[in-house]
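The letters A, B, C, D and E name the chains in turn, as written, and every chain counts its residues from 1.
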Amino acid sequence: MMLSADEWDIVRLSLKVSLAAVLTTLPFAFALGWLLARGRFPGKLLLDAAVHLPLVLPPVVIGWLLLLAFGPAGPVGGLLERWLGFTVMFRWTGAAIAAGIMALPLMVRAIRLSIEAVDHRIEDAARTLGASPAYCFWTILLPLSLPGVATAFILGFARSIGEFGATITFVSNIPGETRTLSIAIYSALQIPGADAAVWRLALISIGLSLGALLISEALSRRLRSGRSGHVL
Amino acid sequence: RERGPLVLAAASLQEALTAAADAWAAEGHAPPLLSFAASSALARQIEAGGPADLFLSADEPWMDAITAKGLVRRGTRASFLTNRLVLVAPASSKGMLTIRRGFPLARALGAGRLAMADPASVPAGRYGKAALAAMGVWPTLSNRIAAAENVRAALAMVERRQAPYGIVYETDARATRAVRIVGVFPDSSHPPIAYPLALLTRSTHAEAEGFRRFLLSPKAKAIFHRYGFGAR
Amino acid sequence: MSFDVDVKKTLGHHVVKARFTAPAGLTVLSGPSGVGKTSVLNMMAGLLRPDEGRVSIGGDILFDAREAIDLPAHRRRLGYVFQDGRLFPHLRVRANLLYGHRLARPQYRWMSLEEVVSFLGIGHLLDRWPNGLSGGEAQRVAIGRALLSGARALLLDEPLASIDPARRGEIMDVILRIRDELGLPIVYVTHDPAEADRLATRRVEITPSSL
Amino acid sequence: MMLSADEWDIVRLSLKVSLAAVLTTLPFAFALGWLLARGRFPGKLLLDAAVHLPLVLPPVVIGWLLLLAFGPAGPVGGLLERWLGFTVMFRWTGAAIAAGIMALPLMVRAIRLSIEAVDHRIEDAARTLGASPAYCFWTILLPLSLPGVATAFILGFARSIGEFGATITFVSNIPGETRTLSIAIYSALQIPGADAAVWRLALISIGLSLGALLISEALSRRLRSGRSGHVL
Amino acid sequence: MSFDVDVKKTLGHHVVKARFTAPAGLTVLSGPSGVGKTSVLNMMAGLLRPDEGRVSIGGDILFDAREAIDLPAHRRRLGYVFQDGRLFPHLRVRANLLYGHRLARPQYRWMSLEEVVSFLGIGHLLDRWPNGLSGGEAQRVAIGRALLSGARALLLDEPLASIDPARRGEIMDVILRIRDELGLPIVYVTHDPAEADRLATRRVEITPSSL
């Protein structure tokens, strides 16, 4: 299947948006997953619920809330614009924010699940060898919860590629800026008789995420090689 | 490549407005950026302070809403396109119906449903409901509706024979060969179907007003006409 | 330098209580299964918080319930060989061995990788993952890891349990050498009388205590 | 906050649809998670990719594909109707199918992650005690992967509550049948000035999933009590 | 009834090879750490597939590479005490003990829960989760679980490693009783000469083999 120049642009934009979304969300997702797995603090349940919001509310509502917060008239957007001269409205950065927010709950849950499965006795052993909590985190907890990080990555990436409702509501459908694959598919769906275009774009989406899946599976297979299971 | 004005336009204008913009660009202007989405989403983006130049709404209330907030440049609002409401059936179907007071649409539906845009919220749905009420058949149909997210989705239901009849705009019905027009609702049976356009207060693009004038010009009207729109 | 331990901890319905001094030399800790030997070592290492009492080494207070002192485990500088191995599954044997070594200040290190590898006979395992190791191999790596960490005292919980007699003799020789040359306090849990006879300079019996 | 009778109906319907979706999807999700975690067969990667499709494609496309498959003219829908006299079009069962499909990838991934974290040596021990693979599955693997099942449940439930694009495309917006909370929210968003209704409905959604979260956290805390970590 | 073992397996660069007969009575399997004792037990139990060879018990073929016979582990009816415990973390001690017992046909069961509990001294642990058990406690439960499974032979991999001398003596007495009264083949891995002397009716030494 040969892609047209327009289609290439859309693919490139989607990749940029999705990768930016997932990569910037990952550290927050890890921190939240860790807090929810290990932390004990008042309001933990509220935090847990807040993390799930993007999943529970219809995406268009999330898009609208983002609009209210990040729009030039909103609290966050206003500050960003006044202090940094930076606006996300109608920009690919806004699309990445929308995708990242929508992916967040999936990523947090996957990471949390992996952290909960880490045997804390292994960490205890590291502590007795002189590892500070921070060092222990980087050298033991993080590597041992990589399966969850990998899952978070692939779920987040797939979700970002498929994200549409929050994005179009927040940053519209602007060619070259916010018209990602999913939005292009939506647009094509609006045109009677454009089924062929829909199929093409859908196949491209599938191809992209198949690629991401292949890479992530190959990586996690390498990761697991020779060291599955716990040790006596 | 220079960037033209940013135009937020109702999704149902997609093909016609794209053609008009191409014609404008062919005259040597920078091609406008066209963002198609639901009128409601676009209006909310404008409310949030989105820096766009032109707004083309699918109906008047959303334009009223942003006008009331002072987001529309005074004297630039115009209702520039009209449309008609039609009853459609799958191209392969045989049934004959004449639209008049008390016509037996409910019986013609059999066990099926009448596809239309959501009569509670989407403009095309509201027009449809008004028209059916004017024909005195709404009470027999109100619980037989398959309410779609937008007109094009309602059209798709008829195209794929999920619904034996549907109510859509004439422009939509003309865009596909999978449906046939059973009848046209009289203009008097519903509020006038008008697409208003306006220049936005936040517009900064030098060519925004030029493009607006172009859309109102006879040349553009001819293009819209080709896609089935009436022009005032 | 000597270890002073006086701790009490309730675990479920079980009370673990111990009070002893472990001077430089090797103190064998014994007592019936389940009496609380491992729990005492965990309290010394800072992995289990005593309900009451005090743990100090050479005047340094590691824990004091009354003064609310509780030095975190990573600052205690104790080399701990666990009853249940606990190698790092994601690191090869070499990296397991060097984990604590790299973290220790150079002046505290009293053994080199080469020495440890040669007397434990684990040179052929350095590039292996912990996962495929036999019970005895894993145990030897765990011993090596603790010895390399530059600790000021050692806590060994049945370290030779799954090691064959020939190797066991060699390792005991090294432990004797460490005991005699370095003057570290070594607290050593074992059920094996022969091991205890050969290594102990002091014996402490943990006895069951009732609520 | 007092709910109106209409709102109660919507809540009841949403609960019915979401619970039906999650509970019927769960066994399939477990089977797929198990296959992907443990199985070795040609085409595994394709299955993996197929499971992710509902995440990768925009929900409206999934709704559209469901329409093609389950509509009276579609392969599955035709069979269902002819053989069982059963139709899912415009029915709450169709909404549950849409929600279940959208939740599937999240559920499969969570379960897979948990299964991968189960120490196979524990299962080996069960085998030597006379446990057949099936018995071993029920008594060892399933209980040990309950954290993943719980996560799958809560992710799936939240996703179902929030699902909108696939549902409205597939089974429309029919009061009492397919007008779930999310669809009601979407409709309200289309109407200028209906923000208050949107907020009310959104708060109800949040309340529902907060409830689900509370229950799932309480259950998994009871589950974990006294038996965390692996044993020597 | 007797066990006939003739297996070969390459693990990484290491070749495990063993050929022996374990008749009714207790066969002590010994050899240096890492030689392959655990691997041999795993091959007998059906948890590790030999590259070549044959395993049979009392004429019943459990594995035969040439005839492509490989009886799955759950049909072999062998009671296996693992070097690394492997209690079921989600079941209380009682349910752990009864797991195999419930699966065994009544006529195969040769020990009751009460007997096992009393001689292993684990009555007070029955309602506990495995997680809080001490090393020796966990090991005793693992022994009990294997004995209760109605096995036709026992595979014991350093079963007494972390058990205190008093208890160890009692457990050895029971193993002797089982050995003498039930006429089961018992394959027993240990590094402890005293244990071997007391229990063995036969000794097999696994020696390193090179490729």
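FYI, contacts are C-beta pairs under 8 Å (C-beta built on N, C-alpha and C of every residue); 3 or more make two chains touch, one makes a residue touch a chain.
Remember, predicted model here, so these are calculated numbers, not experimental data.
Considering every other chain in turn, the ones in contact with both chain B and chain C prove to be A.
Under the contact definition, chain A and chain D share the contacting chains B. Ranking all chains by how far their C-alpha centres lie from the centre of chain C, first place goes to B. Looking at A-C and B-D side by side, the one with more C-beta contacts is A-C. Distance from chain E peaks, on a Cα-centroid basis, for B. For the pair chain D and chain E, the distance between mean C-alpha positions equals 44 Å.
Chain A and chain B, compared by their mean Cα positions, are separated by 35 Å.
Centre-to-centre separation between chain A and chain E, using Cα means, comes to 49 Å.
Residue numbers of chain C whose C-beta contacts span two or more other chains: 83-84, 132-133, 135. Within chain B, the positions touching two or more other chains are listed as 156.
Residue positions of chain D with contacts to 2 or more other chains are 60, 64, 121, 186, 189, 228-230, 232.
Taken pair by pair, the chains that touch are A-B, A-C, A-D, B-D, C-E, D-E. Residues 45-47, 72-74, 76-80, 82, 84-90, 99-100, 103-104, 129-133, 135, 138-139, 145-146, 149-150 of chain E are the ones that touch chain D when the two sit in their complex.
Only residues 38, 40, 43, 61-62, 64-65, 113, 115, 118, 120-122, 145-149, 153, 156-157, 160-162 of chain B touch chain D when the two sit together in their complex.
The touching residues of chain D, when paired with chain A in their complex, are 45, 48-49, 52-61, 64, 105-106, 109-110, 112-114, 116-117, 119-121, 147-148, 151, 154-155, 158-159, 161-165, 182-183, 185-186, 189, 198, 202, 205-206, 208-210, 213-214, 217, 228-230, 232. The touching residues of chain D, when paired with chain E in their complex, are 121-122, 124-133, 135-136, 139-140, 143-144, 226-232. The part of chain A that touches chain B in the complex is made up of residues 60, 63-64, 67-68, 71-74, 77, 87, 89-90, 168-179, 187, 189-193.
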